[in-house]
Amino acid sequence: MANKTKSAAGIALKKVGKFAAKYTTYLTFVVLLVVLAILTRGGALRWISIKNLLIAESVRAFAALGVGIIIITKGIDLSIGFVVCLCASVAASFAQPADYSGALFVGKQFPLFLPIIAGILTGTVFGLFNGALVAYGKLPPFIATLGSMSIAKGLQLIYTKAAVVGSLRPEFKKIGQGSIGPIPNLAIYVLIAAILVWVLLKHTKTGTNFYAIGGNIQAARVSGIKVELGLMVAYGIAGLCYGIAGTLQASRLGLANSLTANGMELDAIAAVTVGGVSQSGGVGNVGGMMIGVFTMGLINYGMTYLAINSYYQQIVKGLIIILAVYFDMRKYSKR
Amino acid sequence: MDSEYAIEMLGITKQFPGVLALNNVDLRVKPGSVHALMGENGAGKSTLMKCLFGIYKENAGKILLFGKECHFTGSGDALRAGVSMIQQELANCPERTVAQNLWMGREPMTKLHFIDHKKMHDDTIKVLKNVDLDISPETRMGSISISKQQSCEIARAVSYNAKVVVMDEPTSSLTEDEVNHLFKIIRQLRDSGIAVIYISHKMDEIFQIADTVSVMRDGEMIGTYPITDLTKDKLISLMVGRDSKERFPDIGPMPKTNVTLKVSHLTSSVDRSFTDICFELHKGEILGIGGLVGAQRTELVESIFGIRPVKDGEVFVNGKKIGKLEPSVLIKNGVGLITEDRRRTGLFPMMSITNNTSVPSLGQYLNKMHLLDHRKIGTDTVKYNKDLNTKTPTMETLIQNLSGGNQQKVIIARWLMTLPDILIMDEPTRGIDVGAKHEIYMIMNALAKQGKSIIMVSSEMPELIGMSHRIMVLCEGRETGILNRDQMTQENVLTLAASFMK
Amino acid sequence: MKKALVALMVLVLAVGTVFAQGGAEATGKIKMAGIIRNQNEQFVVNYTENLKKVAAANNVDLVILDGEGQVDKQLDQLSTLLSQGYKYFVIIAQDGSATEQMAQKIAEVKGAAAYSNIQPSVEALKVSKQQYYASSPEAVAGQYQAVILDEYFTKYPEKAPGKVLNMLYLEGQLGHPAQINRENGLIEELKKLGYTVNFVAKDTANWRPDEAQAKVEAWIAAFSGKFNCVVAQNDDMALGAIAALKAGGYTKADASDGTLLTVPVIGVDGTPTGLASMKANEMYATVLQDAIGQSETAFYAVLEASKTGTAAGKTINGLTPPAKPIDEAPANDAAVIAQCFLVPFKPITKANLAEFL
């Protein structure tokens, strides 16, 4: 009798566990939201807070979309931070006013599209470079992007002579700082990008193939997928995302320096991991990535709101990442 | 008090969520005997063994080693107690030497607590002698053949004073000579009083080596029999639970039709692989490819499909020469390949049945805006899997959660969805149970009757003879002959398969 | 199950919105926030600690947020604080270029801010009369370094024959106003004093002791015996250089000239570790960047603005804005000069070391 109730309770517990495992991502987000709402006495749920959160996380969201795609192909990208930094610097350098004596191109005023194009192009080129190293050079993504990380860092320092690229033109700053009605521009860009990536991953052959490549590269090859090309495209699109991230970061801050986006690779990788994109490849979706970004954002935001010492913030973030990966592993490592 | 049995597993029950994997199973193994454990895939053999080694915790029942109750906490723990497992996939460190592998984790030490390399070297030679292996202890493990690696593994077990040795499909990658050698070792082990639990699908082997046979089905122990009381047919019917007289469907005579695939003078870029292979495949024909391990059959079909490089030769599909041998091109021309190693080159383990089925044919399901038509993909994946009788809870179930036979059906469905004229099946029934095998044969026959051409690579002689209109035999990468239906005997196939160049 | 989740989220939002209505609180106390670029440098730590002390003494609620070296983080922190109703800020920006955006956000709520350590831009001060400069003109630090060098080499002319200084120079983060202006101040003052400055080696160590040590180790290997002084743009880097010099054997037994090293090493900041090094006869001298003075001036300027509307032109913490613009931004613009409280640097040498210990 006692035995029976015990097993019934066990089964119920298992069911709850299964549910929790399946929706870890969403549950984490909801639980955090509840905790924060209580701790801030509702402050975290006011529109102004949500708006601040959207603005704060938007650039990281672009980075997360990029690296999310790469992780789906079972890759990884360590170069994000410095590539975004380089893109921001390149974009900023073309957005300085002609009459600013500290400008990188003194006395030259470029049309507004140039910084945007230049920033995005820089990111895309770096993405394709990473892609070529991984797809055709057969380098492990970890090493390939570690190398390009260092290259991006060096290029940034050389290009800017290690100086701040600041005093950007107001028209350029408007791109990242403006808003349409109550909605910040940045949030709109993220929404559009998320929809586009969703279409890519869910509704195109190219995107679906990323899952196959990440799920089992050999089987993908047998299935007629041009694996090398697919990887190039994945890293290229990721680079494009970083380019946009860098351009927006420059616009939003009104400057770029060598510390811009430092450590963003870890933030982005952590966010998508929390969002259920598995490091074992072939698993993940845009909804999860975005939830992951805003989960990490909530943590940042809540801790700032509560003025918790940043040292503790680091620890809490670390624990959340470890937990997320722990559940991820449990979910997929059976057998 | 010593028991009559080396190992007794009594009333073992193991419950997984939703599945009763083992139901009150008893297994008693006597020392000094080879005890075969038989059953279809999913019958519970592996689960039972995992309970023995403590990898799973049984829900009920107890395990006795020579009459003493024991609970292992893993294979390492069991090994120290004298119960060892020779895995199907060998678990060694290929980059370390034979000696290092043998004594891993218990290296002999000098007084100063450094590794005593001299003793390790000498002990290794001593232990290897037990399994008739004459190799240097300093050889890198990865550089010797699978069969020798296996012997090393057995030597390792013996060096632990093993009393019980479990072997899971030990012959799956061995040549006939190697199998004979292995059997010799097994008999030596048996004669020295060790209890050997032998898990295999191969009937012939069981009748050669086993003294006793225990048959499992659907998580239950059906019974334990002396080998002398059994015949092949009886054993099969015990495993399947029904008679299997009709093992192969009637594939009919060789069709007199057009050639759909022509391979001429194909030579691999890899040294010592195949050279100068020529053959033709007709519409509606099933062409078997036979040969011993190392005959380069897989290499040949994978090269035709463009996965491996070729140096020379041409491939024609429906009269059209294929310019570049590349999977995407072959698929476009109506060729599909079901690879030999499902896990490595077939499955996308963490993807759903739907996605696993549709991967190579997505190009056919684009709408005007070049986006995927998910509804149509959905209905077609359901249709093909239904036609093949794939058993799955839902189409969204991850393929890794299906049994081997059902996984294979999903992969067949995958290729049928590309609407192929030619289907190359490399070991289509490997690692799947008897019942599912029969279904696969029926599917192959139906496809051939529909006019699809099939190339079947197989290591199982009866399958090769039962399911082929013609058999091409390879030996060491050379084509040694093509047999028509009336010439197909085991002897003929074997003769061609073993016609090595002097 | 998914539906349950959606329902749960909606519930949370609803409950939150209800709560949010009553979220604002009023204690009557002035709420002030310190937005500080990082907490890894001695100067910044001293500044923050003193800020807390002054706030407590004046019955002001103070929160401190650490920007971890990231401009975006500081901006996000500012937004968050503004959404919580904070209006008064003491800021050490990560980058002066970002101060204008900060000033605009603060001006939107009619708040006030004072900027220390990293110079705010002229544009930031122009945003409103409630934006203040509470910092020290960087060129002055360089000038003091020059004066200290002159004193040393006047006493020991044989160490710099022909008034030629062969200098190892460690710079802060490139592009940082302090990096540019401290160097300019040093060079110009040395020229005025009649020296020829020859940079044997000059590079950035990003304000960090470990980087400085590595740089100087490499320089010692390359330019052994070819330099007669080491100047760093802060104490942390000076201490890194000293570690390298000691390891490289640039020591002597007697400290009669004020240092046990064979060449004088000069820093900026007057941090406790820097002062300890001076006491141990290692670092020769430093220039105090007055963390106490800056933090108090910044605090009182903002406090004054919060009480009376503005601090422009008033005497704050004993300092009055100069009547005329000086050479260095942002105090070089007549329009904002009334908002600039110039906190003086102080040279620290053997002579006055005791005052600061």
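Order of writing sets the chain letters: A, B and C. Residues in each chain are counted from 1.
The working rule: contacts are C-beta pairs under 8 Å (C-beta built on N, C-alpha and C of every residue); 3 or more make two chains touch, one makes a residue touch a chain.
Just so it is clear, the model here is predicted, and its values are computed rather than measured.
The chain pair sharing the most C-beta contacts is A-C. Taking each chain's centre as the mean of its CA atoms, B is the chain most distant from chain A.
Nearest to the overall CA centre, using the mean of each chain's CA atoms, is chain A. Centroids built from CA atoms put chain C at 70 Å from chain B.
Averaged Cα coordinates give chain A a centre that lies 42 Å from the centre of chain B.
Separating the CA-averaged centres of chain A and chain C is a span of 33 Å. Residues 14, 18, 199, 202-205, 208-209, 211-212, 215-216, 218-226, 278, 280-283, 332, 334-335 of chain A touch chain B in their complex. Note for the complex: chain C touches chain A at residues 1-2, 5, 8-9, 12-13, 15-23, 39, 63-66, 68-72, 75-77, 79-81, 83-84, 94-98, 100-101, 121, 173-176, 204.
Listing the residues of chain B that touch chain A in their complex gives 17, 305, 307, 327-328, 330-332, 337, 339, 344-351, 355, 359-360, 362-363, 366, 370-372, 374, 400, 414.
Contact residues on chain A toward chain C in their complex (touch as defined above): 19, 22-23, 26-27, 30, 33-34, 37, 40-46, 48-49, 52, 55-56, 59, 160-164, 166-167, 177, 249, 252-255, 257-260, 262, 300-301, 304-305, 307, 309-310.
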